[in-house]
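Here come two complexes built around subunit A, the first alongside subunit B, the second alongside subunit C.
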Partner chain A sequence: MRREHIRSDAYVYRHVGEEHLLIALRRDRVAPLLQLTATAAVLWERLGEWTPTSELTGALVERFDVSPEVAEADVDEFLTQLASIDAIQSREITS
Partner chain B sequence: MTVAVRSEPVSALRGRITAYSRPRRIPISAVVEIIATCNFSCQHCYIAPNAAREDVMSLEQAELIFTRLAAAGTLSLLLTGGEVFTHRQFAEIYLAAKRRGLLPNVNTNGYLIGERWADFLAEWPPEMVSISLYGLSEERYRTVTGIPNAFGRVVRALGLLRERGVKFELKCPAMTLTVDEIPAMRDFAAAHGSSFRFDTVISPEEKGSDAPLALQLAPRRVVALEEEMDPGFSNARRLLERPKAGDPGRLYHCGGGMTNISVNVHGGVSTCVTSRQTVGNLLEESFEAVWEAMAAKVERRLPDHHPCNGCSLRPMCYSCPAVVEQVTGSPIGYVQQYCAMTHLKAFKLGLHPTGIPRTVTEGIPAGIPTARASAARALPILSFG
Partner chain C sequence: MSPGQLGRANGVRRESITLGIGPIAIHFVASSEDHPLLVQPGYLAFERAGARPDVAVECSVGSAQPLVAPVVFESNGVWELRRDAWGREQVYFPAKGCVGQHLFTLTLEPGVQRAQYVTVATRLRGGAIPLGHPIDEYLVSRLLGRRRGFILHASAIASDGRALLFVGHSGAGKSTVAEIADRAGGTVLTDERTIVTIDGSNVTAWGTPWHGTYAACSADHAPVGAGFLLVQDERDYLEVVDPGVAFSECFVRTVQPTADRDEVICTIDLLQQMVSRIPLYSLHFQPTAAAYSLAREHATSAVAGC
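Now for the complex of A and B:
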């Protein structure tokens, strides 16, 4: 089953200093301020529009010296984290 | 490779961002005045007494300023006034800041915070709501603010915010009208789950009279209050022990114009909210142009013969270029009252043999601007007996 993802509007991303920040807009978030690793920030940028999981994995393979298997595992874990803080929406790709 | 979302204490993160920003002059903290008028008529106020109806920032102006500040690297934003909750578009302005990834803080007198605003702040949390407290009774509030039945409304606001988990702090200008209640205010704040701070330097009106300076506490009273509130002067000791960075002869040794920026209701930019002399306008010029003009101001050095040049007490001094500017018209001025307060505290700390500034015995060097006549008359008379 192929899935695609997009950022939710629950957070605002800022690159301040050397920090990649996710700033919560509303209450009841895990924390008002979260950080992304630099690698995660690359994926976050991609999530500005609906993006299939495979494209996120491909982005990591293309940009960093990493095998497809490792990239896939990292992307899965990252998406799980984002989902747990309501930072993304996901859906199945039907076509 | 780590692809992850992390959470760490905000203080640690902020420390790292500040360390990165200072040498690069990134304005990570901003103050924006969105309205100059107020629903209180405080005797000590430096801004509202001369404010006119048109001294209000529009939503569109606020959006432009927030966009420019965010692009320049600002993270923390203090919305202030006047009284911000009297602004008809406060909610929209506040949300415009949040949606640009700014972390809003709010200065208020608390009077207008009822259930609706408390719910709003709970839903869209600020970093901090900073509430000015002017006494612990209706009578005292009426004396300071001119408004009847205000204390009860402020107490209610504290309860509403606390019930909803909105972070707030209480603060008070320590002046002749409030000084006797400052220790009790600290206890009151603690009982409401809040921290408390007080400020002992009163500024003159921005465009009007120096009358507020008559409310300034005399040096002995300031130091006595600080000792009562902080036996051992641990705050002053901490300031003195901080590693000294940069050029000691530099006029500005705070974050003003370096990591801090202040914008008034008309877009005018100054080093901090205390300084009312603007170096440019963020509604009319690019951030880069304004910030370059700011550099010319904050990179100035103290004249060699200035009494403060080389003074080891500067880190704990009550005087700063912004308050001096207010009283003398120039950031390079000198106000003996502030110097006397600092030296008296230094005497208490065992850091000065007499507690008397040398300008008292040797005079103030020629060419150094001093308090204008009306300000000098309003400030408390110095006595070193």
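Now for the complex of A and C:
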């Protein structure tokens, strides 16, 4: 089953100095601040609109020197992390 | 302050007072002569008589009920915020262990130019309504979110026309550094919570009445010369901090209700500007005058270098 994802409005992203930061807009969040890798920041950018998992994997393969298998695992792990803090919404793609 | 001004319950009784905390002016007025305001002595330095208030707060005694509106924010069970369909907000502090009973409520009209503060009679002191934390801090934090400022857990020392910020959580050494700096001739703006405002390229630190264990504060302000993240250590030394790391360290030490999305984003943007405009270091230190001198000398040379 294919799935697509979009970032929630509970967090904002900022690139400050050498840090890629995901910042919670409410203090009652489990994680008020997350450091992203440069790779994760690319994925977060893509999540500005509904994006299928396969496109996220493709973006990493295209932009970084990484195999599709590794990219897929990285994307899955990142999406799981984001879902655990309610930073994304996900849904099945029916068509 | 003359002895005649002192009230019976360690404070000054007034029918009204305007406080200037940072760039925000708050006018408190008692709604009844029977229950005047009780202003703690430490707040008198922040009196700004005649200033045009940003918000006027009517203070009364009663048993106000929570707004009939959904709870939009809860702060660890200490207080909650309700917002109704007309944009009116109410901060509701329940009595501990007494479900449905309140200690006090603060209701903000849309635009936060008028507010009502209602406290229960059991909180009166000598028949007067005590003013102070957390009501004033809540109002200031909300208004700063709209006026290019924020509150930071930091002590601030004015010296040589510049303010040094010492950032840290409780126990990090903010009050200790403030005490050392005071003895060394610096002016303690605050030993606990600093208001930071940004206007163009100017980053300014303002004293607040919300003090820490050293209990020193001032209503003065000064342009920020440098910021230091406090790290207690075996010896004194400084390290330059990446703005991203400084942002993270400061963000988790901002004091903000996070009740309004736009205000939080404003704080994030201002903090990003602050860390890009002032030199920032981690100050590894032992609690001695030498550590303060090290920070002060470094700030002076950083300004000279600019």
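Assorted remarks:
As a convention for this text, the second predicted complex is superposed on the first by the 95 of 95 C-alpha atoms of A that agree within 3 Å, B and C clash if a C-alpha of one lies under 4 Å from a C-alpha of the other, contacts with A are read in each partner's own complex, and residues count from 1 in each chain.
What we mean here is this: a contact is a pair of C-beta atoms (placed from the backbone, for glycine too) under 8 Å apart; a residue touches a chain by one contact, two chains touch by 3 or more.
The shown structure was predicted, so the numbers you read here are calculated from the model rather than taken from an experiment.
When the shared chain is aligned, no partner comes close enough to touch A:Leu47: not subunit B, not subunit C.
Residue contacts after overlaying the shared chain place A:Val70 against subunit B, while subunit C stays out of touching range.
By the touch criterion stated above, A:Val16 is placed in contact with subunit B and with subunit C alike. Using the contact criterion defined above for the overlaid structures, shared-chain residue A:Ile88 touches neither subunit B nor subunit C, since it reaches no partner.
Of the two partner chains placed around the shared chain by superposition, neither subunit B nor subunit C is touched by A:Ala59. Here subunit B and subunit C are compared by how many residues of subunit A each touches, and B touches more.
In the three-chain superposition model, subunit A touches both subunit B and subunit C at residues 12, 14, 16-19, 21, 23, 25-27, 32-33, 35. Across the complex, subunit B meets subunit A through its residues 1-8, 10, 13, 16-17, 20-21, 26, 28, 70, 73, 75, 98-101, 103, 122-125, 127, 165. Looking at the complex, you find that subunit A touches subunit B at residues 12-14, 16-19, 21-23, 25-27, 30-37, 39-40, 43, 60, 64, 66, 70, 74-75, 77-78, 81-82, 85, 87. Taken in their complex, subunit C has these residues touching subunit A: 73-76, 242-248, 251-252, 256-258, 261, 264-265, 268, 272, 275-276. Residues 9, 12, 14-19, 21, 23, 25-28, 32-33, 35 of subunit A touch subunit C in their complex.
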